[in-house]
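The data blocks that follow each hold one structure.
Presented sequentially are two complexes of subunit A, the first with subunit B as partner and the second with subunit C.
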Partner chain A sequence: MFLIIAVGLFVLVRLAPGDPAETLVPIDAAPGQREELVKAAREQLGLDKPVPVQFVLWFGSLLKGDLGYSFSTHQAVGQLLLDRLGPTVLLMGSALVLGLLIAIPVGIIAAVRRDTFVDAAAGTVSVIALAIPSFFLAMLGIYVFAVKLRVLPSAGMYFSGESDVGDLLYHLILPVSVLALAVAAAFTRYIRSGMLEQLGQDYIRAIVAKGAGPFRATMHAFRNSLIPLVTVLALYIPAFLSGAVVVEQIFSWPGMGQMAVNALIVRDYPVITGFGLYVAVLVLICNLLADVLYTVVDPRVRTAR
Partner chain B sequence: MTAAPVLSLEGVTLDLKTGDDYVRILRDVTFDVAAGEIIGIVGESGSGKSMTALSILQLLPPKARLTAARIGFDGADLAGLRPAELRKVRGRRIGMVFQDPMTTLDPVVQVGRQIDEAYRIHHPRAGRAEAREKSLAMLRLVGVPDAQNRAKQYPHQWSGGMRQRAVIAMALVNDPEVILADEPTTALDATIQAQVLDALMRARDELGVAVVLITHDLGVISQVASRVVVMYAGGVVEIAGTRELFADSRHPYSAALIHSRPGAHRRGEPLVAIPGRPPLMSDLPAGCPFAPRCASPYKSERCVTQRPALEPSVDGRLSACHYRDEPQEVIA
Partner chain C sequence: MTTTNLPSGPSAAPIRSSRRGLVPPGRLALRRYVRNPAAVAGAVVLLVMVLAVVFGPMLSPYSPDVGELITARSAPSAAHWLGTDAIGRDQLARVFAGGRVSLTVGFLAALLAVVVGTLVGTLSGWFGGVADAVISRIIDILLSVPPVLVIIVFAGILGPSVPMLIIVFAALLWPQSARIARGVVLSLREQEFVQAARVLGSRTAYIVVRHLIPGVLPAVVVAATILVADAVLSEAAVSFLGAGVQPPQASWGNMLNDSKSITVLSSMPWLWLPPGIAIFATVLSTMAIGDGVRDAIDTRRNA
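== the complex of A and B ==
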C-alpha cells in the first residue's frame, strides 16, 4: 500500500510541468551563463539521472527515514514537515475542537426542537456560513478586527520572534474563528440529521415509556448518533490536518498548507512528495483510528468473544 | 367484572394530523382493566389497538390530539397530568412492551444496564448494585437463563424471544400495576410466542400485574386473556369474557373475526375471510362502520343511517350493534 502511494506520488510530481532547476537560477543571469547554471543545478539536485534511478535513490533513503532535502532551502524535508506540523495541528486542532463544541449542542438542540425557530435559525446560519468562502471571511475578519478596530493581529504566530503563550493565543483568535465557523456549520448539519434519525427510532419511545425525561432520551439518541459521525470525522480530519491552504496563506500561518503551496510554486520535488506522503499516512492512520473508534461507540462491531 | 378497575378509559378520542386535516383515529374508546387480569384487545391492523395503548401513557406522535372524558388511574386522570407527573406513572406504575423487540432496546447499551436504568429513573437514590439485583430478579422471572452474564451483553447478542423477555423484565422492574403489551408476540417465531406469553402470565401470577394484551391473533387471546375488547375502525364494538365471546359473540364483526380463524375450519375446507376492507378513517360511514361488510341477516336501513353505541344487551353483554340481542352465530 505504502509502496504504491510512494511510486504514484513520485511519478505524478515529476510528470508535472516545470523544471525546479529553472526556478532556482536567477532570471537575470546572463543568457550564455544561464544554460550552464541550470545544468549545474540539475546535476547538483540529481535531476540529470533517469527518473527510475531517481526513484530508487529517493525510496532507498526514505526507508532509512530520510525524506531528502528541499531544493530551495536545503533543509531536511522531515525536519521541515515537523516544523510545520506543530502550527498546523495547533491551528486546525483548536478550530476542530471549537467547531465541534459549537456544533454538538446546536445540532442536538436543532434536532430536539425540530421545526421551531431555533432549528430554522441554526439551519439558516449554517447554510450562510457554508456558503461564504473562508478566504472572504478571513479577509473580512482582518479588515474588521485588525485594520478598523485594531484589536487583533492580522497575521503570523508571534509578534517578534519571541514565543509567549498569551501572544500565541492572541494570534490564534482570528484564523481559528474563521476555520471553526466552517467546521461548526458543516457538523451542525451532520449532528442534526444524525440526531433526527435516532430520535425517530423505536428505542427512544421505549425509553420515554420507561419514564425517562427529555434529557435522558436525548443522551441515548446522541450516543447512537456518534456511530455515523466517526465516519465523517475520519474523512474530515486528514483533509483538515493537511492544512487550510487558503486560510494559512492569508494569515501567514507557518503551517502545512502554506508550506505545500510554496513548494508547489518552486517545484520543490522533495517537499511536495514529502507532503504527499504525510497526507497519505494521515489518511491511513485516521482510517485505522476510525476502525478502532467504531468498536468503542458501536458494540455490534466488536467481535464476538 | 367484580374487582374495582385499576385503569379505566372513558371516551378516549384521538385525532391525528395528516397533511392539513385531523383524522379521527379513535372514537370514544371506553373500557376498564381490573387489577391482576389479562385483558385482550383485538382488531384488524389500523383498528386503533396500538393507538389506544399509546394514548394511555401519552406516547403519541407530536401531531396527535387526544381528547378523553377521562383515563382514570388510581384516582388521577392520566389525560390531564402534567409531563413531570406523567413520567412518574410511565414505567413506574404502568409498564409498556412494544411490538418489535429488535428495535425497542438501545443497541449500544448493555441489556442489563437498560433494565437498571428503568429502575433507577424511578429510584434515584438506588445504587447500581441494588438496581442490578432487581434487574436480575426480573430477568429470571421472565425465564432468561444465566441472567447474570447475559445482562452484560448487548441487544444484538440476544435472540428476538430473549430480547422480548428483556423488554418485559424492563416493564416489570418497578412492580407496576398494569403492563400494556402491544403485539408482544407478533414479531416472533410461533415457537417463541408461547414462551413469551408464558412469561407474561407468570408476571401476572407472581406480581399481580394486570396485562393489557393487544394482538390481532385470536389464538393468543383465547389462550391467555380472561376478557376481550374487540375494536373496529377506531371504536370498541364488543367487550366480553373470552369464553362468552368465542361461544356467543354479540357483534357481527366479532363473530366474523372468530369464524375467520384457521382453527375454526375443518381440514380441507377453504378459509373464510371477512369480505371487503375496513373503511378509511378519514371517510367513515355515517352509520355503523362495519355495515358495508356486515353479513348479519338482521342488517337494516338503521345500520346505514344510525351509529350504534356500545351498550349492554338484555343479558348484560356490551356490544355496539343495533341487534345485540339477536343470536349472532347464524352469520356463519
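== the complex of A and C ==
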C-alpha cells in the first residue's frame, strides 16, 4: 500500500512541468553564467540521472527516513516536517479537546430534550457552523477581536522570539476557537444521533424500570453511544488536518499547513512529496486505528468473530 | 427508529390515499417539502444564486478582469455597488464571475461523483462477493482522504487547474454516494418485488435500471446535496490557499485570499464580506434543501 503511494507520488513529481533546477537559480543571474548554474544545480539535485535510477535512490533513502532536502531552504525534509509537527499537533489537539468538551454535553442534552427549543437551537447552530467556511469565520474573528476590539492577536505564535506559555495561550485563542467550533458542530450531531439510538434501546427501559434516575440512564446510554464515536473520531482526523491547514494559513501559524502551502507556491517538490507521504501515512494509520479501536471498545465485536 | 434516516426504496414511500383518492408518492413528497420553511428558503436562495451567476455578468456593465486604477479600492457607491478592489476591478462583477467558477466546480464535481457513486454502489451491492468486499474497503479508505490536502499535493506538483479540481473532488466524493446506494440496494435485493423480477427471468441490466436505480435515487439525491456543499466548501478552501482557481480568474475562495492582508481586512470589508457570505449562503441553502428532501421522502418521520 505504502509502496503504491510512494510510486504514485514519484511519478507525479516527474510529470510535473517546470524544472526545479531552473527555479533554484535566480532569474537575474548573468545570461552567460545562468546555464552553467542551472546545470550545476541539476547535477547537485541528481536530476541528470535516468528516471528509474532516481526512483531507486529516492525510495532507498526514503526507507532510511531521508526525505531529501528542500529546494528552497535546503533543510532536510524529514526534519522540516518534524519541526512543523509540534505547532500543528498543539493547535489540532487543543481544538479537538475544546470542541469535544462543547459537543458532548450539548449533544447529550439535545438528545435527551429531543424536539425542544434546546434541541432545535443546537441543531441550527451546528448547521450554520458547518456551512461557514473556516477561513471566512477566521477573517470575521480577526476583524472583530483583533481589529475592532483589539483584544486578541491576529497572527503568529508569540509576540517576540521568546517562548512564553502565557503568550502562546493568548495566541492560541482565536485559531483554536475557529477550529473547535467546526469540531463541536460535527460531533454534536454524531453524539446526538448516537444518544438517540441508545436511548431507544430496551436496556434503557429496563434500567428505568428498575428505578434508575434519568441521570444514570443517560450515562448508560452515553457509554454505549461512544462505541461508534471512536471510529468516527479516528476517521475525522485527516479531514480535520485540512481544516487546520487553512486556519494555519490565515493566522500565520508555523505548522505543517503553512509549510505545505509555502512549498506549493515555490514548487518545492521534496517538501510537497514529503507532505503527501505524511498525509498518506496519516490516512492509513487512522483507518487501521479505527478498525482496531472498534474491536477494543466493543467486546461484542470480538466475541462475534 | 432513528438508526437511519435513509428511505429504503419505493416500498417505504407508500401511495397514500387522500380525500381525492390516490396521490403519487412524488407529489406527496413535494407537498411535504413545500410545507418546510427552511427547505423552501434554501431552494429560493440557491435559485437566486444560480440566476445571479448566470445572468449577473450579462447585466453588469463592468468586466470582472479589467479594472481602472483611478477608482481602485473605492467603497461601495452607486457606480460600484460593492466597491472596487486593489486594481480597480468592480467587486460585484467579480462576485458574479467568481460564483460561476465556484458553482460550476461544485455542481460538476458533485454530479460526476453521484453518477459514478450510484453506479458503483448499486452494482457492488447487487453482486456482492469479493468485488463488493474490495469496493467497500476502497470506499472506507477514500472516505477518510481529505480532498483539500490531496489538491495541495497535486497542485504543488502538477500546477493548479480547474479541471483537476473537478476530477479530484469527484474522485474523492463518489464513495459517499456509493456507500449510500450500496446500503439501499442491500435491502432492496431481499424484497419480494425484486425477487419476483428475478424469478420471472429479468436480465440483470433490466433489474438494475428498472428496480434498483429508482429505489436508490431518493437517498442519492439527498447525498448529492451534501456533495455539492462539500465540493463548494473544498473549492473555496483550496482557492483560498492558492492551490485552486488562479488569479486573474475570480473564484469566491481566491477573492478571500486576495483580502487576507490586515489592511484589507480592517478597512475594506466590502472586498471580503460578499464572497464569504456567498459561499456561506450557497452551502447553507444546499444543506437546507438536502434536509428538506430527506424529510419529505422519509415517510417514517412524520407519518
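By our rule, the second predicted complex is superposed on the first by the 277 of 305 C-alpha atoms of A that agree within 3 Å, B and C clash if a C-alpha of one lies under 4 Å from a C-alpha of the other, contacts with A are read in each partner's own complex, and residues count from 1 in each chain.
Here, contacts are C-beta pairs under 8 Å (C-beta built on N, C-alpha and C of every residue); 3 or more make two chains touch, one makes a residue touch a chain.
The structure displayed is predicted, hence computed values, not measured ones.
Peer 1: Who does A:Arg223 touch here: subunit B (first), subunit C (second), both, or neither?
Peer 2: first
Peer 1: With the two structures laid over each other on chain A, which partner does A:Gly213 touch: subunit B (first), subunit C (second), both, or neither?
Peer 2: Touch partner of A:Gly213: subunit B, not subunit C.
Peer 1: When the two structures are overlaid on chain A, which partner does A:Tyr203 contact: first (subunit B), second (subunit C), both, or neither?
Peer 2: First partner only.
Peer 1: In the overlay, answer first, second, both or neither for which of subunit B and subunit C A:Val296 touches.
Peer 2: Neither partner.
Peer 1: Which partner reaches more residues of subunit A, subunit B or subunit C?
Peer 2: Tallying touched residues of subunit A, the top partner is C.
Peer 1: Regarding the shared-chain residue A:Ser242, is it in contact with subunit B (first), subunit C (second), both, or neither?
Peer 2: second
Peer 1: Quick check on the superposed pair: does A:Val97 touch subunit B, subunit C, both, or neither? Answer first, second, both or neither.
Peer 2: In the superposition, A:Val97 contacts neither subunit B nor subunit C.
Peer 1: Flag every residue of subunit C that touches subunit A in the complex, lowest number first.
Peer 2: Subunit C residues touching subunit A: 1-3, 140-141, 143-150, 152-159, 229, 233, 236-237, 240-243, 253, 256, 259-260, 262, 265-266, 269, 272, 276, 279-280, 283-284, 287-288.
Peer 1: Subunit B touches which residues of subunit A in the complex?
Peer 2: On the subunit A side, the touching residues are 201-203, 205-213, 216, 220, 223-224, 227, 297-300, 304.
Peer 1: Can you tell me which positions in subunit A touch subunit C when the two form their complex?
Peer 2: Touch list, subunit A to subunit C: 9, 12-13, 15-18, 127-128, 130-136, 139-140, 142-143, 147, 154, 193, 196-197, 200, 235, 238-239, 241-242, 245-246, 249-250, 260-261, 263-265, 267-269, 272-273, 275-276, 279, 283-284, 286-287, 290.
Peer 1: Please name which positions on subunit B make contact with subunit A in the complex.
Peer 2: 57, 59, 87-92, 95-96, 98, 100, 103-110, 117-118, 121-122, 154, 156-157, 167, 170
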